[in-house]
Structure formats: structure tokens, C-alpha cells
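Two complexes come next, and they have one chain in common, chain A, joined by chain B in the first and chain C in the second.
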Partner chain A sequence: MSDFRITLRPALGSAPRPGSRGLSITAMPEGHVVQVLGRPHAPDLFGVLERATGAAHRSVRAAGPGQWFIVGDAPLSRDEFAALSTALQPHATAVDQSHGRVRIRVEGTIVERMLAKGTAVDLDPGAFPVGTSAMTLLGHVSVHLTRIEIAAFEVMVLRGFAESLWEDLVRMSVEFA
Partner chain B sequence: MASLISCPHCGARPKEEFTIKGAVLSRPAADAGHQAWTDYVYLRDNPRGTHREYWHHTSGCRRWLVVTRDTVSHEVGFCQDAAAAKLAEVRP
Partner chain C sequence: MTSYRLATGGLVNRAAPLAFSFDGKPMAGLEGDTLASALLANGQMLVGRSFKYHRPRGILTAGASEPNALVTIGRRERTEPNTRATVQELYEGLEARSQNRWPSLDFDVGALNGLLSPFLGAGFYYKTFMWPAPLWEKLYEPFIRRAAGLGKATHEADPDSYEKSWAHCDLLVVGAGPAGLAAALTAGRAGARVILVDEGSMPGGSLLFDTAMIDGMTASDFAREASAELQSMPNVRLMTRTTAFGWYDGNVFGAVERVQKHACDPASHLPVERLWRIVAKQALLATGAEERPLVFGGNDRPGVMMASAMRAYLNRYGVAPGKATAIFTCNDSGYRLARDLEAAGIEVTAIVDSRPTAPPGYRGRPRVIANAVVCQTKGNKSVSAIEVLHDGRSETIAVDALAMAGGFSPIIHLACHRGSRPFWSEENAAFLAPQDLKDLRIAGAAAATVGIAACIQEGSAQAAAILSELGISCRPAALPNVEAEEESRPAKPLWSIPGIKGKAFVDFQNDVHLKDIGLAVREGYGHVELAKRYTTSGMATDQGKLSNVNAIGLLAEARGVSPAEIGTTTFRPFYTPVSFGALTGAHSGYHFQPVRKSPLHDWAAKNGAIFVETGLWYRSAWFPRGGEKTWRESVDREVVNVRQNVGLCDVSTLGKIEIFGADAAEFLNRVYCNAFLKLPVGKARYGLMLREDGFIYDDGTTSRLGEGHFFMTTTTAYAAGVMNHLEFCAQALWPELDVRLASATDQWAQMAIAGPKARLVLEKIVDDDISSAAFPFLAAKEVSLCGGKLHARFFRISFSGELAYELAVPAGYAESIADILMNAGAEHGLQPYGTEALGVLRIEKGHVTHSEINGTVIPDDLGFGKMVSATKADFIGKVMLEREGLKAADRLRLVGVRPLDPTASFKTGSHILEKNAAATLENDQGYVTSSAFSPHIGCTIGLALVKRGPERLGEEVVVWNGLKSEYAPAILCDPIFVDPTNERLHV
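On to the complex of A and B.
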């Protein structure tokens, strides 16, 4: 038995809110992030993933060959995770990463210009349409980028890097304030 | 040094996202002689021209790649997933 009671605190709870007019940076609800690992050269699992996630408010994000993230705003109960995990068998393995990854929403008409300061991925809507994801470096921090709307991106990062990335994002957006 | 690597999974990415893991060599048999293992572990050529290396896309898809690049012109040639490269290899 641990001597300490483990309490979950929001990773970005104390982060100051940026004051830029053209851009908004917001911490997304710490719901759930499930990493899905399949075999890299296996047939496409998107159908299996769609069925496993069902109609619940969850999204599937690609993260490289045979890898996906299933994300949602509501916390996942133990039973829900077990059901999801079972639905993916035997094609893929689900790993609960809800405690380990934090999502940040960056939004604004010039959001690509701001993110282009940190990443080399072509973020033009033609090359990176809504729903596209990419694992990349943002500055020195490894992130998972998804275009969730035409002028909004979700930046998913390891929890320990969240505050540092937040500061980077704020600094990157100062020019547009 | 080559600055843009066209990852077969992610597209063109800067070299900062990758880790270079060295020349593509075939591993000797477990019972190969001392000399063969010394060569494999320690001795490297420093080629002028075309060079095949293992690159790891550390900050991207996390796949191992085989990158062919020119050490003189810095030109990056063929980039392939290492697993695919191994499958394509003709084995005796």
C-alpha cells in the first residue's frame, strides 16, 4: 500500500492563459487517450477500429504504420476500456495512455503560420486536410498533430512535456497578438 | 549532411526527427569466427559516394528505415522501411 494517496491533477491546471487575439490555446479535457498497436504490415485496420470505437464520442487518429490513438473528452471506465480492448483483439492491442498524454487545442486563422515555426510538416489544408494526423517534432518536443477543424489543431504531447510545450506555444503566438 | 529525408510513411521530414544508426551490414552467424565479429562490431568503412544506413524515425512514425545517401553530394536516394528492405532481400 502506498503511503501517498494518488490524485490526478490537470497537467496544465496552473498554466497562464495566453492573451493573443488571433490565436487561442486551450487545454483539452483530460478524457482518454488509448494507444492502439497493430502489426505494421498487416491489412488496414481502420474498419476494425471504427467498429471498436462505436458511436461513442471518440475519434481515431493515425500515428504511423499500424499505430493509432483513440481519443475522447470523457474519462474511460475500466469496463469501457476492457470492452474496447476486447473489440480490437486479435488484430491490435490497446494501451491506456490517458494518464500519460495531454491534448492542447490551438485555433485561429493563422494557426498554420504559428505551428510552422516549430514543425516542418506541410500544414496547408490541401496537403494536410481535416482529420489528418502526423507525429512530428514541434521545436524539440515530440508531438502528435491532428487537424480537427480547418483552423484548429490538436497537439497531443507526453504529460511531462505539456507545460513546456504550452510555454513554447505561447511564445510562438506572441508575434500574432 | 542530408537535411530532408523522405520517410516512406510520413513524407519529407527534417533530419532532426531521425537518429542515424549506422551502416547496413549483414550480421554474421552466431558461431562465426572472432575476426568476423570484430569486423561487424567495430570496423567501419568511410565510403565516398553512395552509402546505405539505418535511420530511425525517432520523432515520427518510429519505424526503422534504410536510407541510401551520397556522402559527397548529400543527395538522398531511396528510403525504405527496414522491415520491407529485409523482406525484399534475397537470402541464400
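On to the complex of A and C.
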């Protein structure tokens, strides 16, 4: 057995938290993000995804035609990923992006106004209800945006941009501090 | 006499005085004033000097179209030139300075230009300063620019912040006058998502200075109540101080909100301006109408003002224009001003009406001179008298203010921003908005509707029609009861006026006068677009809001046609000037672009890396150590260490793409020019991707990790481009193939471990057998690390030419694994190396990058001709690769180059000349694409693209740096400087 200790370094581990009134920005646990690539021209796979994710604490997010993200707060073991992968076959392929994507939770009563500084997506609850996702630019950074509660959004971003996006979000919230 | 503040009246707060200064002179205004109204209240009628002739100018309007009253406000880093005094809200401590005068506003030497004016007509500069040509740029233009001009911007950095935001609505209403308020109320009450924008500080538009009574309230009280109701609705957003400046595709409107332009000390947590992009399902323009000036001699003299502006100063700001006012009108609107002036106790000396008779219903006291025109004003720095032509004679009347009422032009700019042209309506004597615009309607005075009641009715009706299109039901609201005087109907426009002696200005801001228009027509520039450019009429910050229609009318008269035939110039955003700050938003300075960090960024930083920006990435360029004085020392050490021991380089920034599917191999076979169909599982292969035109697009290694699973790497620069290209191929070119793509660049941290001792280091942490027998060159597979604690992807590929591996681990473990490797490699001399050393190593080995793959090369140019499959049915670029020019014998092809004198050097980009050939481009043989000092060879080496290069190895040439006139005798050689037989790769 090797003596080397392998440790995990979160992408936003040292990022400061802004203290804004009615608004919070939180780095979500680096649990798991699985990208699901449906077979071209496959029928709607939502049922398959529901079954594959089962009762576990995971959520399915639409990510374009035939593509989804399965996300959860707990890390996925190698076996768990393999099981998920198998459950999706032959309809879809699972790609582990748990380290490649970082999730940030933005929450508050004026969260829509804050995010409107970055995204062209209409975030009115009528147009973008809970559970809706969109790929969009937030300022200059491409993100995957999901309304997870009426006043809370999950912003998923490429790991390399996570710090930069965090700074942008903090700046966008300054007005409400 | 001068203008002054009345004892009562207006919407200004007389209990809240504000101190400000103009040209250093302390003045007092009131809360609710604009800078212009405050200046007038202080009797300051002269506020600036004109652009070309330095003529004294005053305040002409009370709004956005102001061409004259441009001042510089603020100080030091908050200096803001060319601010329109008519829209700038007054604040405590505001400092304003006049522009384009020296030494002072009252005594301006530049006014001598006026004496030269017979020579300074349109086209003067073009005709006069043609010869000698070089002097134009060096002498004439700078001189002319200094003499003519507007305010000067500060060189200090802007201390304030800006931002952008998006907004969405069912209905956007532009303009909160009677029509706009009525529309917003109708739609808001029906529950629609409404945004109402208005450029003013308070909603109301013309209601703020109208004397009508609406539902028993004053017009301004009605506006206040309507705004209060709108503000109480959660579905309505009322945005004041917000100018909608452009209409764009997708029914997106650009608007700029002046969040803190009226604040002395802007709060730091708020932007000073915010740029809005408003996405509207439907939009309604209720932008009102612009009053037209009349073109008579001296119509620019301070004291001459638009009639509606005079009403605004009188009724909204409680400011009188003077003690004795005359009104020059060609329609009924002048009489409304007369009534308001009378009611305020200000003498109206005369109403000069160009029509044959005064309106029959008019019963006011002032003298009406019908069938008459004002042909001239007199006075020094403000008007003291007017010359009136009537009944065949001229009469001089002493006045201290003159209002002009030339009719109204609907404000239709936004409606014309997407290419449609306005049309001339003879009935309304005005250009009206193009008809049948998609998702955009016009209401109120902007649609040439006359009268408050009619505007309210139309605003409400248009909103109801829009709601019905959107499927939102709405009950027709009762319309308010309006008691107002008869509104003026459009009258025949008065373009040219007889008896003019002095300059009669058409465009005030650019000093374009009547004769310039005539000159333009005579000289063949009578087309409206040519006349604009020849005379400069309609240019600069006001973009001809007042002048264009008169210029068109005068052109029409000069050519004997209707304005309909002349047409307008092209309307473009922006409606009013928008600051660069607002357009930039929050993305300035450090935030100009996002920073993309490798998962090994912090590891590199703690190892002392110097970073270099590569696109958005920050890559570690080299790792200086104690005692090293130059970057070259560090880089040389890193290079030598890789060749002798082992080095670790972060290559995480290279693009990584996962390719899945039953047809993935076939897909790659079509994307790459070399064969991939039969690449065995567990193997990597160098791939060359061409563009359709046969030139190389990108390169990289692609490994087969499973029967239907490949892992592609791309160059850092083209990672996103290649991903897009592959998606296009999969979705559009070959939708029948089962292939699925995922970008995995950020999932994996990738490290190159290169050098003869690489295996010794890796063996310590990789659990699998990595001996050359078990894991030969170009092997690729998943391995476990540190006793199964982690799984990684492992590749035996080499960019340096040494025994080398690349290890990919999930990004979150990158730093930990790199630390472990550094620890394990210490005894073998493992050192980190950066992109500079990476570059030297690959040049020594003759490996190409985008320095060579520069869009002009095909595979054969780089010595990859044999890689191009001759047997594949098709691949991208195959057909076009057969073009004659791509088979030419004298193409530039890759060679190595090194100086004959080992102490000499040359630079990338230098050109190759034959020995003894003259240094001319005709003799150009090619150019150096990459160069570096090679510690291995002991001198500078380079890669070059040279005509017939590989046939000329051993030829002596000259490397010519034409920029610095440097010449280095050199020799063409094999581009592989290190280990040409590839023995080191296979150890």
C-alpha cells in the first residue's frame, strides 16, 4: 500500500463569501456531475433517467437536445458511477464531469434582478419555473443555469472559470449589500 | 435684459436651493432644475461658443435635442465634456464650464473666424488644404481640429463603475408623456408585464409643462398620480432617467439609465450608469414630437429659443425668458406660448405669424403681425431686436427674447433603426414612422396625433390592441376628462424666409447655414446623403435632431421637389450619445475578460511560476530559482533538466474531448486526414485535422480507450473551435452516425512527465506495469495510482522527444498528485518546467504548433504528406487538397535553420534570403516560424517555411529581419535537431 495521501482541493475552497442582505452566494459541495449524452435520434429519455437516478439524492437537469446533467451533493464512487452508466445503456452514455463542473447556489428575493445583470434569459417564474435549465452566458462566462427553488438558482460553470465567475457574482450582488 | 426666475410657479422646490458654478462664477438654482433652467434663472443666456465660427450661443431647447448649450461638467477624473445643459439635472456643487472659447466665454479670440466666414463655407477645407498632400495629416488637420471643436475629455481614469442588465416584458413603452402613461396604465391594469422608460427625471413628458386640466387636476398632478399607480403595480417597471437609444433585432431595445448622473458624490455600491437590453414582445413608441426651428438671420443668437422650450422653462421651472418677448410662428402653437406668457405677466411684444391671417379665435392682447416673417435678429451676445418683414416693409422691434415655432416633427428614430425609412406626410407636413413595423407601434405626438386627450386615447387604444395580440384580456378603461385649449393643427412648413442678411443657421451644432445648403446643391451634392457629408449638417452629438428636417425642406425647395423625394438620411443608434463606460459595463480593467485557471494553477504558483496569459488561460511560463537573473537562465535549466533527468509540465489547458458512439471510429476517420478506423484500443495516435479547403486546422493525439470511446486532445488555442467543428460534423454533416461528444477539458488535470528518468518517478505511484514492454510508446490506458486510491488516464506520448508520459487525473486531485510526483521525483532531479521550456524542447525536436500550422500550410508542407490517407473514401479536406496550387513545387515547406556563427541569433518572423541576394521582398524565400536558444545545440535554432525547403538542406542563406535591418548568415538543416532516429522515445 502506498504511503502517499491524496487530497481533494475544491475549486472554490478559499473563495470569500459575500454578506449581502437578502442574497447569498454559496459554493455547493463538489459532489457529482454526470453528463448524459443520449444516442442521436433516441426517443425522450427522461423516464430512463428517472429510473437510473432512482431514489438517490440526485437531480436531473436538461442540457440541450438529448443531453442532461445528473447532479448531487455526495461524491459518486467508482462503482456507483459504473452502475449509473450501466443503467443508462444502451440509450445514453454517462460522462463523469464531477471535477470539470462547479456548482454555485445563488439565492434571495432579488436574485432574478442580480442574475439579469449577466444573462439574457428571462428569469420571471412564469417564463422560467422551478426545474427549468438553460445554457447561457453570465457576463462573459458560459454557465448552465437551473432554477432549483422559487428564489434560488444553481449556476454550474467550467472549473477553470469558477473563481472568475465567483468574483463576477460577488460584484453583481454589491448593489444589494 | 435677461432671463430670470419668477416669484412663483413651476415644479421646482423653492425650499431647496442648490449652489453651483458656471465658469467659476457661483450661482444658485433649485431642486428640480436642470442646469439650463438654473443658468437661465441666473440670467446666464450666453453659455457657449459655436463649433466653427465661435458665435455666442445660448439655450435653444429644453430637452435631448439641444445643439448649443453643451458644457463641461465635473472636475478632474469626473470631467464630462459636451454635457447638454438642458438634460443635466442640477445638483449641489455642480461645476459647469463653457467650451470652445479662449481666453473666456465673453471674449473669445476664435470669434475672428466669423470675419473669415465668407471663405469658410461648406467644402472650404476640402478645397483649400489639398496641397501639398503630406501637410494635411501633419499640419492642416491638427490645426483645424484645434480651432474647431467641442469639449475636451479628461485623460484621468474614470473612477466610477458601470454595469449592464437585461430586462424582459410583454410591452415596452418608450416615453412617459400622455400617450405613454395611458398605454402603461392600460397594460399594467390588465396584468401584462410592462416596462415604461422615460429620459426625464420625472414621468410626464409634456404634461409637466402643459396648462391643461385632466380629471380636475393639473396635468403634472395627473402625471404624478398615474406614475404612483404604475409604481404600485408589481408587474410594471417604471424607469426614469432612462433613454431608449436603439431598436435591434429580436425586438431588443438598448437603453441607458443614468443611475447617479445627478449625484454630487456617487455611491460606490451603485453604478453611475446602467446599460439595459430590454427584450420586448411588443413595443410602443410614445416619444412625442420635436419642434422645428425657423431659418432666419441670426436665429442662433442667445435669447432665441424654441417656443415649446420657452413654455417648459416658464411652466415647469418658473423661469421667464426676458421682459419683452416676441414669438415667430408659422402655426397655432405660438399662440399657446403667448397665453402662458401673458398669464405669467410677461410682456409679449409681438406675435409674428407667417400665415396670411391670425387664427380666428385668438383674442389675446399682444400685437399680431400676420403675413410677416422675422428675417433678422440684432444684438451682441444676446438678442436686442428683431427685424420683421410685413406688408412690403421692414420694421425693427426691440425684444430681449424670441420664440420660434416652426411646426413639429414626430420623434421616430427608434422606429427607423432596423432599416425601414420614414415617409413624408403632406397632410402632417412631417416625416412619419414607417408603417406596419413588426412588434412596434407608435402613439401620441410621435404618430402626429395632436392634443392631450387624443394622445391619451390613442396610447390606451394601442396598448389594448397590443394586449389583444398577446392574448391578454383587458377591459377598456374610462378615459380621463381633459380640459385643454384647442391644439394647433399642422400648418404648411416655412422653409425659406425672405430678406435674410446675416447667417441663417440650419444646423446649429455644426454651424451649417442656409448658404451652405445652396452651395451643396449647386456643386452637385444635392442628394440628402451627399449634402449631409458635404456640409456636415446633421452630424455630431445631436445628429441633426433639429436641423435635418429643415435641411431636407431647403434641399427640396432648391431642387424644386417635395421633401418626399428628398427623403431622410439613415437613422442609426444611438438616439443620444451613450458613454463608453456604459457600453463597457463592468468589464474593464482586471475584469476586462474572465480568467481561466488550470487546476494546477495554485500548485504552479507555490512552485514559483511566472504566468503568461494565453487566451483566457494563465499558463506557467517558467519557474525561476534562486540565483537566476534572467528568464533564459531558468528556461535553459528546465530544458537541460528534461533532457538529462525529468521534468513536470502542466498541460491541462490542452483541449480534451470525449467521443463516444458506435460510429466514433468512422467519425474520426472522416475528421482526420490520417487513418483512425483501425486504431487499437489502448493506443494513441497523432492526428491531423484539415479544413474543407485542405489546409491544416489543428493537430493533437487521440487515444482509443474503448471500442466506442475515444479521447481527443486539441491545441489550447483551438479547443473550443475544434469542439464546435466536431459538433457541426456530427449534427450537420453526418447526422446518421452514432457519435456523442463531451468537452472534458476541465474534468482532467493533465501533466507531462518527460525525461530519461520519467519512468523511475512514475513507477512509484502508478500501480500498473509501465515497463516499455507492457506500456510501449503510444500506449494509452486507465491506471490506478497509489495503491488504488485514485484512477487516472495514462498516455505514453512525447512532445519533447524524450521518454515521456502524460498523466490525467480528476481536476480536484491535481495539486495533490503533482505534490506527490514532486516528492517522488526529488531523488531523480524532477523539476517543474513551463511553456517556454516546452517550446524550446519541441523546436529542438522539430515538432510543430500553430506557429507553423498558421492557416497557410497543408500536411505535405510540414513533412506530413505520407500521413494523408490515399485509401480513405473521404475525409474533410480531401477534395480540395488536390488543387493545383497545393501541389506546386515551390511551396513553402518546413526546414530547420541555424546561424553559421553560433553566437549569432535571429528572431521569429525574420525572412530567408538566398546568400548574396539583395534584401527585397522579390527575393523572399520564406520565413522563420519559431525560434529559440537551444541548450542542446548551443545556439539559436529555428523552424522555417522555405520554398522547396527540404530540397535545400545544407544551403547557406541569410536570415533577414527587415524591421531592424539585421542580417544573420545561416544554414538550412533538418528540422529535427534532437534524436532524429527517435531512440529516446522508445527507451
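By our rule, the second predicted complex is superposed on the first by the 167 of 177 C-alpha atoms of A that agree within 3 Å, B and C clash if a C-alpha of one lies under 4 Å from a C-alpha of the other, contacts with A are read in each partner's own complex, and residues count from 1 in each chain.
Throughout what follows, a contact is a pair of C-beta atoms (placed from the backbone, for glycine too) under 8 Å apart; a residue touches a chain by one contact, two chains touch by 3 or more.
Keep in mind it's a predicted model, so treat the numbers as computed, not measured.
Engineer: Can A:Pro29 be said to touch chain B (first), chain C (second), both, or neither?
Structural biologist: Touch status of A:Pro29: no partner.
Engineer: Quick check on the superposed pair: does A:Gly54 touch chain B, chain C, both, or neither? Answer first, second, both or neither.
Structural biologist: Neither chain B nor chain C is touched by A:Gly54.
Engineer: If you stack the two complexes on chain A, which partner ends up touching A:Arg78: first (chain B), second (chain C), both, or neither?
Structural biologist: Touch status of A:Arg78: second partner only.
Engineer: In the superposed arrangement, does A:Gly64 touch chain B (first), chain C (second), both or neither?
Structural biologist: In the superposition, A:Gly64 touches chain B alone.
Engineer: For A:Ala134 in the superposed arrangement: first (chain B), second (chain C), both or neither?
Structural biologist: first
Engineer: Please work out whether A:Glu175 is in contact with chain B alone, chain C alone, both, or neither, and reply first, second, both or neither.
Structural biologist: Once the two structures are laid over each other on A, A:Glu175 reaches chain C alone.
Engineer: Go through the superposed model and pick first if A:Pro40 touches only chain B, second if only chain C, both, or neither.
Structural biologist: Both chain B and chain C are touched by A:Pro40.
Engineer: Decide which partner touches more residues of chain A, taking chain B and chain C as the two options.
Structural biologist: C
Engineer: Is A:Ala120 contacted by the first partner chain B, the second partner chain C, both or neither?
Structural biologist: both
Engineer: Residue overlap on chain A between the chain B contact set and the chain C contact set?
Structural biologist: Shared contact residues on chain A (touching chain B in one complex, chain C in the other): 40-41, 120, 122.
Engineer: Using the touch rule from the top, collect the residues of chain C that touch chain A in their complex.
Structural biologist: Touching chain A from chain C are residues 163-168, 193, 269-271, 277, 279, 586-587, 591, 593-599, 602, 617, 658, 660-661, 730, 735, 737-742, 744-748, 765, 785-787, 789-791, 810-817, 820, 823-824.
Engineer: Which part of chain A faces chain B closely enough to touch in the complex?
Structural biologist: Residue list for chain A touching chain B: 40-41, 63-65, 67, 120-122, 134-137, 142.
Engineer: Touching chain C in the complex: which residues of chain A?
Structural biologist: Listed in rising order, the residues are 1-2, 4-11, 30, 35, 37-41, 78, 93, 95-101, 113, 116-117, 119-120, 122, 124, 127, 139-141, 158-161, 163-165, 167-168, 171-172, 174-175, 177.
Engineer: Could you list, by residue number, the parts of chain B that touch chain A in their complex?
Structural biologist: 9-14, 16-17, 58-63, 81, 83-84
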